[in-house]
Amino acid sequence: MELATVIFYLIAAVTVGSAAMVAFSRNIIHSAFSLLGTFAGVAAIYVFLGADFVAAVQVLIYVGGILVLILFAVMLTHRITDVRITNRAVGRIPALAVIGVFLFLLVQTIRETPWQKAKEILYSPTTAKIGDLFLGNYLLPFELASLVLLAALIGAVVISRKELKE
Amino acid sequence: MDLRNFESLKFFYPEAILTGTILLLVLLDLVLRRKEILGYIAGAGCLLSLYAAVELFGARGGWLFQHMIILDNFSLFFKVLFLLAALLVICMSLDCHELRRVHKGEYYTVLLTSTLGMFFMASSSNLLMAYLSLELVSLTSYILTGSLPHNRRSTEAALKYLIYGGVSSGTMIYGMSWVFGMTGSLDYARIGAALLQGEVNHLSLFMAFVFILAGFGYKIVFAPFHMWSPDVYQGAPTPITAFLSVASNAAGLAIMIRFFFPALSRLGENGSWLFLQGVEWPHFLLFLSMVTMTVGNLCALNQQNVKRMLAYSGIAHAGYLLMGLVVLNNDGLRAVLFYVVVYLIMNLGAFLVVMIVANATGREDLDGYHGLAWRGAAIPAVCMAIFLFSLTGLPPFAGFVGKFFLFAAVIRQGGMFVLLAVVAILNSVISLYYYARVVKTMFFDFPQPGAQEVEMTPSHAALLGFLSCLTIFLGVYWGPLAFYAEWSLRFFVR
Amino acid sequence: MAIGLTHYLVIGAILFSLGLYSVLTRRNAISILMGVELILNGANINYVAFSHYSSGNVEGQIYAIFVIMLAAAEAAIGLAIILAFFQIFHTIDVEAAETLKE
Amino acid sequence: MDHPIQTDYLRWIVLLPLVGAAVNGLLGAVLQKRIGKWIISLFACAPVLISFLLSLQAFLDLLALKPDERFLIDRLYPWLSVGSLRVDMAFWVDPLSAVMILVVTGVGGLIHIYSTGYMREDKSYWRYFAFLNLFTCAMLLLVTADNLLLMFVGWEGVGLCSYALIGFWYHDHVNARAGNKAFIVNRVGDFGFVLGVFLVFWSLDRSGHGTLVFREIEKFSALLQGQEIWGVGVVTLVTLFLFVGATGKSAQIPLHVWLPDAMQGPTPVSALIHAATMVTAGVYMVCRLHFLFSAAPATLAVIAAIGVATALFSATIALTQTDIKRVLAYSTVSQLGYMFLAAGVAAYGAAVFHLMTHAFFKACLFLGSGSVIHAMGGEQDMRKMGGLRRSLPYTFWTFAVAVLAIAGTPLTAGFFSKDEILWQAFSSPHGSPLLWVLGVAGAGLTAFYMFRQFFLVFFGECRADHHVKAHLHESPKAMTLPLVLLAIGSIAAGWIGLPEIFGGSRFAEWLEPVFGAHHEVHASGSLEEILMALSVAVAAAGFYLAYLIYYRGRLAPERFSSLAGGLFYRLSYNKYYIDEIYQFFFVNGTLLLARIGAWIDQYIIDFIVDGSAKTTAFISWIHGLFDNHVVDWLVNKIADSTFDAGDKFRKVQTGNINSYLYVILGAVVLAIIVKLRYWS
Amino acid sequence: MTDNVLTYMTFFPLAGMIVVLMLPSDRHNLIRWVSALFTVPPLALGVWLYGHFNTAIPGLQFVEKIPWIPAYNINYFVGIDGISISMVLLTALLSFLCIFASWGIDKGVKGYFALFLLLDTGMMGVFVALDFFLFYVFWELMLLPMYFLIGVWGGPRREYAAIKFFLYTLFGSVLMLLAILALYFTSEPHTFDMTVLIAQSGKYGTEPLAIWPFNQWGWGFQHVVWMALFIGFAIKIPAFPFHTWLPDAHVEAPTAISVILAGVLLKMGTYGILRVNFPMLPQATADLAYYFLGVLGTWNIIYGALCAMAQKDLKKLVAYSSVSHMGYVMLGMATFTPQGISGAVLQMFNHGTITAMLFLLVGVIYDRAHHRDIEGFGGLAAVMPVYTGVTALAFFASMGLPGLSGFISEVLVLLGAWQKYPILSILGASGVVLTAGYFLWTIQRVYLGPTNEKYKTLPEINGRELFTLIPLGIIVIALGVYPNAMLDLLRASLDQLNQIVIPHLP
């Protein structure tokens, strides 16, 4: 077995394992920190797939942004001193059953589907290419994304701001 | 016509104007003291954009921005529709007691952003654009829903909406990723071409569609993706509920038609669409349509809250709208387009009355409507009756013509679709029951002693009058609108 | 067995399923949001993998970048809403949300 | 025959009374108050008298014609013309209807005059005469109509007036109820009548001659021969249907029950409607359509049987009745039975002859009894009368004449007509000795109960209380004059129809163009004489028995009434319980059906409809339940009980995000599975 | 003016509605008189129509046809023939009279009269429309005002009655809509024009449909469409078992509305069958008429009469009598004989006038005694003789007494029925006995007998009430004496109608 394969399985195990922790952990802090593992693992997978820029974005935004936000939210809404911070989950067995069937179906379908095959498999840096596309073909989405972020910004302000005095 | 980025700008006026207005609002919010003016500015922006959109009528259709969006009659139709909805909702918001404590600047900004997002939903020709625009609309919708500060219902609704939206869009992009994987492209046209010639695994295609449908369905509000809507509609401020129930619904339809019809099917003879082999799209939608209208109507039966009832009725109407998609032909689509316009008018009208009553009494439950007609609010009561009967589908109101087209499309197709028509009929009858219950409460029950008088502002009266006259007018003379709907079916792509 | 497209897709599917599982079982709004993030990551793996194996161009990667961006925006709004919710209800258990029902 | 003479005065015979009725009906209340009762009397009596004169004119006109051409017609306008159905508003007079209009207007006129005296005190004088005139109009319409449908108009019209006049004193529920009974029983008969009309029309229409005009039916009646429906000859069925109508109107078994109750009306009404005219409409109708009946021997047999049965049956009831008018009522039923007996043996002339003579003597009897009641201050129970011959001389003598007539005393009208019937019953091809025997027995009973009444009322000691006794007085002129005239008629009317042995019947001769040649079996004259003598003897025996019991008091009535433990007496006294049986089976049965129908309507049908509504509501409830309970229940119950046992079982509610998501995911999975299972 | 008679007749009341809406709402008398004024022109034009109607032409007259929505081949197309003229006259007359019968309304006067005038337009429109789309619009248009008129101005259970009426009728009419669409798409070119659809009647196939369970019954397109239309119309008639809305609606509705309901609205059902089912789907008509018109009609006659007999409420009794009498119309239509079908149409008119009288009369007594319990009266004849007289006239007309109009139509129906279905005719005729039974019983209980002390002082019927009754009374008598006045109008058209169906009879 090649080293790459071993590393792949390792990363896959980390990703899936920490994702499972997120899903199953009874402690929300544990969940939140496990999410870190998932995000990192996914970033590593991106590297495996030759998507260096995406991997970087993944680390920057997910790990640096979203995860911190989530942790803040957890802190703000829970007393840290509480030994066992509840992360209540209910109805696991039926959920497991449904999800199990679902996953089975997904995997079966994935295996049977003849996916499109690329002519060549590239392992070149993608940053420049992506940058070009952002200012070329994908200019509109790129600009639109800025609007989305603006809206999100305003939205976060609107929702968390105190109300107007009459 | 396939335009590059800068060339595209001259066909981009409606969006550009709207974007400009949004930015202007953000700036003016900082400067202006009298925030009421912002509403008028937003309205003016919409009007300007509307003008620009109408100016574009007759322009040769084509791809803009490197195949990102499409300019065609279909997208123009929906743009006009969204602008009308936004305009009306802005008019409603100007005098809404619920929104007194809301920061107007942000409110209108977000509202217009949402409208802009819908523009892109109707015109996107790329999976990425579709996702982006859908998310834009979703995010702004969460904000609008939760815009009432320190309001239990509003915040709760926003939270539910958020979770729902997150899951739905996640599911949708998962589905989209499969489509991407199967075709190697994000562009509708190329996806369509690839699917038509390539070896397609029916099962994975179907699964991808089902996932994508979760995203669209949650916007259109059809079963089983409908369950958020009653809670959200009830919790959101009334103008926003009106906006969501009409514009967001229409945007969902637009994106769905845009995605499934021109992209994933090809035009057959006599204006019918042939769908890809192996995806039992009609059967599936037929079933969904039946379930949706039935569930919506049955749940609406016993609602005590009028807003919630209208939410369920919205679900039922989503079911009726699906009838038009089921038959997979231009007849059906024309009916859908027609009905969307009509639905906009009557549903907005109904919510306007709900708002007027809530303004005066602070109540949204049915008991607040006791003897409305006899409490100085004869005009809102009569208008409400008109809107509700129109929603039922009674002539001479516009809702009848809309339903008529839908039925016509279905009946014409014959066969198993007749079953759908019969189910729809039974549903109409059921729906009459709960609509008539509101009418009954307004007219047949006499006000309890001490009930508040209901008054309304002249602007509301004018708006009501306009909407109800339009409802009747379109019920009697609907040729032009039908023509407009027909005209809007000229897709550029394929 | 060489590592191929299917492996990545399966990881994506597992993340997707685990995300759905969280969403289904969690009562805590933040946990549900985390579940949504898992779903998005699952989808993203698909995009990048397809970009690599199927299309041979970077469209999929761009899609993934947008997804990450939007996830951030959604997380921002989502957490703002959750905090507002917490202020009113003093919990983020979604079962506490019982104002809206028929 | 095909071109009867068109006249323009026949319509007035019918319409004049209508004018009277309209004036009195619409303006009567005002006129009576402003001007007085005399103006009402004028508007009431004058039209009828003028009608009588016009009828005489018609009679004379007929007389002036050759026997075969004796038709007058007055066509007004086409009344109903739809498809092949063409019915004119047309009146005609032929020898048969000439007799009828003379009787109706003549006897009717007398009764009008009588009524002006009898009803003088009544507050609703105008209403009485309005209906009486309306009745006259309807009756005249009935007898002069030239087609079946128009006849039916009169047929129902007389029923309506009968109803209104029976219940004239509507303040008493008994009267109102009697009116209802009469109307409804008549309706049952009419039901048969219209079916007969339909059948005859369509049977003729089949050969392209659909018509309801009498002359044309007669002309084409041969076409009906051989046609069958439901395995029965059309002619038989038509005649049976029509005869059902006749039994209703003419109070034959089994529809005879209304007539005795009809005596609740004012006595002149009983005389006019329930003795002289309306009740004979059935007989008239049978005679009018004799050509059909003659062609249906089976029907004839039925008619004869029912006629004789009715005659005998009601005579037995009359034996024990104590109400003066009730006796007469049953006697009327009985006499009508004789008429049907005659018709049933195809002796239509005899039937009409008896009809005419009966009109005289029965009207006389009724009016006489009215006079008695008037004198007794409204008392009708014969047991409280007696010895009235001194105080009411006119009444007594006229009554006596009429009693003699009805009992069949030789040389009175009743004798001739009844004898004719009995002879025909014996000798006609359709007759039989049995019919004769039964008829004679009935005649004996008739003599008995009539004399019983006669003796009870006019002889012996007065059993009334002294108040009544003090007020006993003869009736005014307006009442006695008609009595006298009718009494004369009761004798003289018979003389125009003498039996063969006394020189032959002018009457039969007159009717010959209608009924065809008198196909009488010319048995030896001596047989007729013997039979006649026998019947007289039987009548005399009846008289003698009554004389013994009620005049001489030699025999106690109890000797008869206690026979067989009083069984016969009770049966007869209680009219064989027919009313009770009908009440039980038909009236209560219908009401029961009605209640069942209403119940079904209220509960079953609405239940089904409401039920579907409820089901819808139920489904929506279930859906809510599913939403509220099942999904959450599955989630919560299973989860809480297994893993989170410490967590309290929360109250389930909607608005639960997780359960919503379950639905979505479940649906997606389901869709995929369905897809895999069915469409792969 | 004379070119657009029907348009004027139809839309005058609508103009009246707009005028009434603009009047100040507290000027009650002004509103009443204005409303009355706007019902006069239709009546006057109706009389004019009666005079100028050419009885020799079987086809349409006074036709107006203007394109409405050309893209869908929808026209404003009105006209009358022998089938509709009697209904048009009836509508004009009853609308006019009912304005006066509504004089006593004093709650929401403006709304009442405005809705009433709208109702008038709707009703008139249904009878003159020759375009199916237009027909449907008018058909439904009339529902709304009716719903409000019952629901707002009705009796104690008005809400229940109104919604029941509404739901039933809507159910039927939506089913009808499907049938209309099916016909539209079968025609070539697609059209809603009834005359064209009739001309194309041969196109509608009868080969068994592939839809379960119709293929089991061997039902074809025609039959299925026929059934859909029939149910829509049967609910209006109302035919058993769709009739239960009627007693409720009648009992709760205000007097004038009951009159309209029974007088005009019920006729729409039978009119629709004659106008649509007969000529457009002749084969299905020939196949199904016996069961769904003949047998069901007879059942209606008997069942309605039995139900009427058991009622304690005077108005309900009259309502059930309508069920019974409309049965004659159905039976008559099923016969395809000139007599039967003429009788049916005549019965429609006669029932309209007679039952209008009955409801007006019930209204009179209800206004005075404030209840309608049959057992609660007694001896009214002594207190209110004129009223009793008019009631008797109406009752006798209703029970088919010869000389009055009801007799003519019933006898024609039964006569016509005898030729085809003697048994039904016999059963139907037995309904006559039952009818007499319950009416006489009612007369006895309400008007005869000792006077009820409570009602010794009831005022006699007044001039306004008599004004509404007398024209009807005159018509009832006049048509009994000279029925050709109406039959002449119908003859040609109905004969033609029969000729369409008869060739298809088995």
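Labels A, B, C, D and E are assigned to the chains in the order they are written; within every chain, residues are numbered from 1.
In this section, contacts are C-beta pairs under 8 Å (C-beta built on N, C-alpha and C of every residue); 3 or more make two chains touch, one makes a residue touch a chain.
Small disclaimer: the values here were computed from a predicted structure and weren't measured.
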Partner chains that chain D and chain E have in common: B
Central chain of the complex, centres being mean CA coordinates: E
Most remote chain, CA-based centroid, reference being chain D: A
Dominant interface by contact count, named by its two chains: A-C
Per Cα centroids, the chain farthest from chain E: A
Gap in Å, rounded to a whole number, between the CA centres of chain C and chain B: 26
For chain A paired with chain D, centre-to-centre distance based on mean C-alpha positions, whole Å: 100
Distance from the mean Cα position of chain E to that of chain B, given in whole angstrom: 43
Inter-chain centre distance, chain A versus chain B - centres from mean C-alpha coordinates, in Å: 31
Residue list for chain B, restricted to those that touch at least two other chains: 128, 132, 135, 139, 142-143, 146, 149-150, 155-156, 158, 160, 163, 167, 171, 178, 181-182, 184, 203, 207, 231, 299, 302, 433
Multi-chain contact residues (two or more partners), chain D: 613, 624, 639, 654-655, 657-658, 661-662, 665-666, 668, 672, 676
Per-residue overlap in chain A, given as positions that touch at least 2 other chains: 88-92, 95, 98-99, 102, 105-106, 110, 115-116, 118, 138, 141, 145, 148, 151-152, 155, 159
Full enumeration of touching chain pairs: A-B, A-C, A-D, B-C, B-D, B-E, C-D, D-E
Interfacial residue positions of chain A with respect to chain D in the complex: 88-95, 98-99, 101-102, 105
Complex interface listing, chain D residues touching chain A: 634-636, 638-640, 642-644, 647, 658, 662, 665-666, 668-669, 672-673, 676
Residues on chain A engaged by chain C in the complex (per definition of touch): 4-5, 8, 12, 15-16, 19-20, 22-23, 28, 31-32, 35, 38-39, 42, 45-46, 48-51, 53-54, 57-58, 61-62, 65-66, 69-70, 72-74, 76-77, 86-92, 95-96, 98-99, 102-103, 106-107, 110-111, 115-122, 126, 129-130, 133-134, 138, 141, 145, 148-149, 151-153, 155-156, 159-160
Touching residues (chain side chain A, partner chain B) in the complex: 105-106, 109-110, 112-116, 118, 136-141, 144-145, 147-148, 150-152, 154-155, 157-159, 161-164, 166
Contacting residues of chain C [partner chain D, same complex]: 20, 23-27, 32, 94-95, 97-102
